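Look at the two complexes coming up: subunit A is in both, with subunit B in one and subunit C in the other.
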Partner chain A sequence: MTTANRPVDEQFYQLLRRLQELDFVLVELNLYLDTHPHDAQAIEQYNQTAQQRWEVAQEFESRYGPLMNFGHSYSDYPWQWKEAPWPWQV
Partner chain B sequence: MYSQVRVYYPYVSPFDPCPPIRVKTYQVNPQLFMQFQPENMRQFTPAEALIHGTLWPDLYSSYSGRGDQEGLEGAYDNRKPSR
Partner chain C sequence: MWIYEKKLQYPVRVSKCDPRMAKFLIEQYGGADGELSAALRYLNQRYTIPDKVVGLLNDIGTEEFAHLEMIATMVYKLTKDATPEQLEEAGLGAHYANHDKALFYNNAAGVPWTAAYIAAKGDPIADLYEDIAAEEKARATYQWLIDMTDDPDLQDSLKFLREREIVHSLRFREAVEILKEEQGRKKFF
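After this line comes the complex of A and B, so read on.
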């Protein structure tokens, strides 16, 4: 597992941080919309944020490998999922 | 804007074996005064929201732990060893 560490640089942490921020906004808007299903502006913000999140996730995965497994992210050759750092190691 | 920290003065028994805590504080959070969250409230940026734990500044409630009681009469008496 520790033989072929993925490269971890400044950008790794910046992208991960950006993802965390966008994910949190999405959680907040999701919960808000559960009780405000007719707030069109919030729905638009939700969709835009989801789009941004997708773009950041794409960039992260293209540089540092898959964020999710079981078919929700792609992998290069050789199989990238098992490579360190694991989420609790960053 | 009201203060989110309120104060009360508990009864102190003359037979209290411990040093009395004369002033106690409690937290009243913003959502208690909001019947139903209005639409289009101002928002934090995503980075600020993550730090504050909410997307909406009007729903943010700071919590600074027991340090809230600093400077209030007797607040720290119970922390010092009595002997």
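After this line comes the complex of A and C, so read on.
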């Protein structure tokens, strides 16, 4: 729960970086698994990382507002999604 | 269906206003081997490629849109503080006359993007070889772009994109092997 999007601070960049790191692992494993669908260890790593990713995304959103549109993130009042900063502005 | 996520795939920072470099980077925005071409090429081929590799084309095509957004961010940040005079000096006078500082899907020479950049042969091997070639051409372009700037922040983001081309090329090569294996099997049964 937030009352408004907090301004971008040092922690914004740290959490964003953490999310980008986890998402990098997930994209890499995803593409790898698309051509190696029977690698059970990779699937386990994918699922574990997805869980970690969810937790970091929750923390990010609680501080800086929704990461995703169309019902994939919750919004506080007033509608937070349309608020800056957009990715190319930070 | 696609859902937007309000973040870049990898950070994009620039250490200076540099419209000259922005003009060259546009090659990867609206050029033949750029990210728009890549995204549209793979997502379009999905419909007629064998099921075994649809997922790969779907996912790489989706990642290309994240790369397109990174290139756009670079161009935006490199030009946002430039004066019309600076844009003209950088060879962007004609661009400014038509678009102000708006981005446009054209290549470094100002030629507008065209669907002719995208191949869709319907033959899975032909299409995947096309995709491997596209990734290698994009990798080469990223190397030239890295060589053309002394901005360490910009180089960092460009190196990330260069590495992604290498991984995509590798995955497409594996997709070719998967299809060859399947083709081989069918001959015996």
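FYI, the second predicted complex is superposed on the first by the 84 of 90 C-alpha atoms of A that agree within 3 Å, B and C clash if a C-alpha of one lies under 4 Å from a C-alpha of the other, contacts with A are read in each partner's own complex, and residues count from 1 in each chain.
Operating definition for what follows: a contact is a pair of C-beta atoms (placed from the backbone, for glycine too) under 8 Å apart; a residue touches a chain by one contact, two chains touch by 3 or more.
Predicted model only: the values in this text are computed from it and were never measured.
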item: Subunit B versus subunit C as contact partner of A:Ala42, first or second or both or neither; value: first
item: Subunit A residues touched - subunit C or subunit B, whichever exceeds; value: C
item: Partner chain(s) touched by A:Phe70 [first = subunit B, second = subunit C, both, neither]; value: second
item: Partner chain in contact with A:Val25 - subunit B first, subunit C second, else both or neither; value: first
item: First (subunit B), second (subunit C), both or neither touched by A:Asp34; value: second
item: Overlapping contact positions on subunit A, where the subunit C interface meets the subunit B interface; value: 17, 20, 24, 28, 32, 35-36
item: Subunit A residues touching subunit B - in the complex, by the definition given at the top; value: 17-18, 20-22, 24-25, 28-29, 32, 35-36, 39, 41-42, 49
item: Subunit C-facing residues of subunit A, complex; value: 16-17, 19-20, 23-24, 27-28, 30-32, 34-36, 66-70, 72, 86-88
item: In the complex, subunit C residues that touch subunit A; value: 3-12, 53, 55-56, 59-60, 63, 69, 72-73, 76-77, 167-168, 171, 174-175, 178
item: Contacting residues of subunit B [partner subunit A, same complex]; value: 36-37, 39-40, 46-47, 49-50, 54-56
